[in-house]
Structure formats: structure tokens, C-alpha cells
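For clarity, chains are labelled A, B, C, D, E and F in written order, and residue numbers in each chain start from 1.
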Amino acid sequence: MSIQSINVRNQFRGKVKEIIHGPVVSEIDVETPHGIVTSVITTRSVEELQLRIGSEVIALVKSTEVSIAKV
Amino acid sequence: MSIQSINVRNQFRGKVKEIIHGPVVSEIDVETPHGIVTSVITTRSVEELQLRIGSEVIALVKSTEVSIAKV
Amino acid sequence: MSIQSINVRNQFRGKVKEIIHGPVVSEIDVETPHGIVTSVITTRSVEELQLRIGSEVIALVKSTEVSIAKV
Amino acid sequence: MSIQSINVRNQFRGKVKEIIHGPVVSEIDVETPHGIVTSVITTRSVEELQLRIGSEVIALVKSTEVSIAKV
Amino acid sequence: MSIQSINVRNQFRGKVKEIIHGPVVSEIDVETPHGIVTSVITTRSVEELQLRIGSEVIALVKSTEVSIAKV
Amino acid sequence: MSIQSINVRNQFRGKVKEIIHGPVVSEIDVETPHGIVTSVITTRSVEELQLRIGSEVIALVKSTEVSIAKV
């Protein structure tokens, strides 16, 4: 189902650089202009989205999931 | 308590650009090379961390919280 | 930015029934064919998505965020 | 420990339709009136809850974990 | 709806010590034998659960939501 | 990168008691005064943090991830 727009404010566009496949979840590393963003999603989703190395994707993060640290 | 290192793989370093204060939670917008990263944390934490416009911070996101969409 | 497909497996389609506005986050109650699904998102997102009573939306939940209880 | 009531507003009652076992986490697909609700929990929890195909369960989702998209 | 058991492995039993009410979400501080555990839930849930100072509760955290840092 | 302080209000200090390794994520059980706190993080992070049985760590939980149940 195509989505017109989503509330998720943090969107990082890039290409899939690496996939580590697991039996239930897989790690997806997305290369964005400013570094790697790492995601863990169900392996079923990886198959349904037909994610491959080089796939153009957006990594999405809801604001309530973002913590803040002071350096 | 100072932390030497943390498992959280997604770390976006930047400066606080805007704070929207609420009675319980507050929105923190961090200007990073990726663009604005938005976080929602407790207002108490904002006070305890003494976050101000310009504060140097890291926005942290656990990989399991990152979704992936195809464009 | 329009999204072709997303890894998020749990998608509940419905209409916005109620919005409780707050200074930082707002509660959105979505009426689906099988009951209300409640979401809390940033108030900014509510404005940017121009959510109103009756707006057609999808409530999305990542699998890792779903707990299981026995009755 | 039996729980009388919980803050989690989104509760989807149904029966376990499928379990994909992994060494650390497992995927649980619950057949509900909404359709399939997918959860990823620790494999230890699957064993402790003695989840089987057909087990009566509730899938629980905290409101802050629900995103909203416009179609 | 009473729940017999839940997958959530991290359960901290205690009494409500403080509630900070907001229009949409509220902060609940739970005094446990080993310190305060802080939760942010919808204000509606606070009302429906009839949470008061001194209410006996369990704070619940799903394992996938727990990060690990080295000191 | 060393972190001076973090917004995460729930911090449980302890020692790693057990690690269940998986291809993508691993379960970390931390022995704390509260009892065992269980975390699921990426296996890569386990390696990068060089987590071993006995490692001194802090388990961190954002307040928005904590649910409340009545007993």
C-alpha cells in the first residue's frame, strides 16, 4: 500500500550497503550522505520489500524513540 | 554518570536548534549534518541535562527502532 | 515524500475519530473496522499531515514494538 | 504474575497462527479480527508463556509506538 | 481485561510516588525497592487505571527497548 | 565516543550474567539489585562493546518505553 506522507519526522534517505540475514530478524545498514544508519527489521519484511544491496530506501525513526546525550 | 560507550549504533552529533517545552515531554530539534533530527524526551530530562539552544548533543537511536521504506 | 512500501507489518486502516491536542504531542484515535487504535505523535506532525476528524489514515506498528500476553 | 489491567491502550485479541523460532527472538503471528498482527519477542518468553499454534493471546501496543500515515 | 502472564521480561514492582499530569501524556514515577522507575503513558490511561499516589503497580519494559552501555 | 550524561531516566547498573548469541541480535541478561534486567541488542554491538560475562554495564530504558500495569 503506497503511503502519501507519514508522521515520522526523522527520515534518512540512502542505499542499502549491507544486509545480515537472520532466521527471524535481519540487520540492514543504509549508506546515507552522512554515514551509516542501522535498522533491525523482520526477515519477512526484507523479502517482501525485496531489499538488495543498492536498493534505494528511507530509514525512518519516530521522535519518541530518539534519546539525547550530552558530550 | 558518564558512559564510556553504548550499544546504540545510530548516533547523530549536532547542536540543539529548537526546544518546544511541554508540561511532561518536550520536543528537541537537533541540527546535524543529516539535517534536523527530532527527539521527544521528558521535560525533567531537558532540565537535568541543562539543554539550551546551541548545546552540543548526540541524538541516539537503537537499531530495533528504525523502520525501512522503499521509495 | 511518498513511500511505495514500508517494512512495518502491522497496518490498521481507518478514519481519525478524535484528536487530543497537546503543546508537544497529541493523541490520535483512529476508528478501524475492528475498534479504536490509539497513537501519540508530535503535534507538529499532526499539523504537517493536516490531520482532521475523518481523515483517512493508516496506523503503523513495527513488530518489535508488539508484546504478547496470555489471557 | 497476573495483571489486573494495563495502560497499554491497543489490545488485539486472537489466536497464535504461526511461530518462527529463532535463537534469540521469535516471530509470533496472531490471527485477530483486524487480520494478522505480528510480534517479535524473545524466544525465552515464547517458551515461558508456552505459546503454541492456537494459544489464545492478546497483542499489546503502547500508543507512543504507533505511527500515523496518510493514504 | 485481566492478563494471566505477559512476554515482557523486565517487571519492576512498586508504588506510585509521583504523577506529573499533562493534557495528552503524564509522567509516572514508581518507587521500587531499588530506586525510581519513570514511565510516560497517556493521561487517559492514568484515569482509566485510576492511578493515585500509593497505587501498587508494575512497571514493564520489553527487552528490545533496553540499551546497554559500558561504564 | 564517551557520553557525559544522557536523558534516559531509567538506568540499572549491574554485571552481565548471561549472553545468548544470535546471528543478528543477542540477548544480554544483566544482574542488578532489581534482579535480572534483559536486553536485546545487535550482535555487532555486543562485539564492539566487548561484552563478556562479568562486564560492568548500565541497562538503559527511555521513559516512553515503560508501560504500567495494576496488580
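In this section, a contact is a pair of C-beta atoms (placed from the backbone, for glycine too) under 8 Å apart; a residue touches a chain by one contact, two chains touch by 3 or more.
Keep in mind the model is a prediction, meaning the values are calculated, not measured.
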**Complete:** Set A-B beside A-F; more C-beta pairs touch across A-B
**Pair from B-F, D-E or C-E with over half of its contact pairs in common with B-C** = C-E
**Request:** Examine where the copies subunit B and subunit F touch and state whether the two sides share over half of their residue numbers (same) or under half (different).
**Result:** same
**Prompt:** What's the rotation, in steps of 5°, that superposes subunit D's Cα atoms on subunit E?
**Reply:** 180
**Mean-CA-position distance for subunit F and subunit E (Å)** = 18
**Asked** Roughly how many whole angstrom separate the Cα centroids of subunit C and subunit F?
**Response** 29
**Asked** Taking each chain's centre as its mean C-alpha position, how far apart are subunit A and subunit C in Å?
**Response** 20
**Fill in**
Each of the following residues of subunit F touches two or more other chains, namely 1-9, 13, 22-23, 25, 27, 38, 40-42, 44-45, 49, 58, 60, 62-65, 67-71
**Message:** If we count contacts the way the header does, which residues on subunit D are in touch with subunit E in the complex?
**Reply:** 1-9, 11, 13, 25, 39-42, 44-46, 48-49, 58, 60, 62-64
**Request:** Going by the contact rule at the top, pick out the subunit D residues touching subunit C in the complex.
**Result:** 3, 8-10, 13, 27-28, 30, 32-34, 36-41, 45, 49, 51, 55-71
**Request:** Over in the complex, which subunit F residues touch subunit D? Could you list them?
**Result:** 20-23, 25-27, 38, 40, 64-65, 67-71
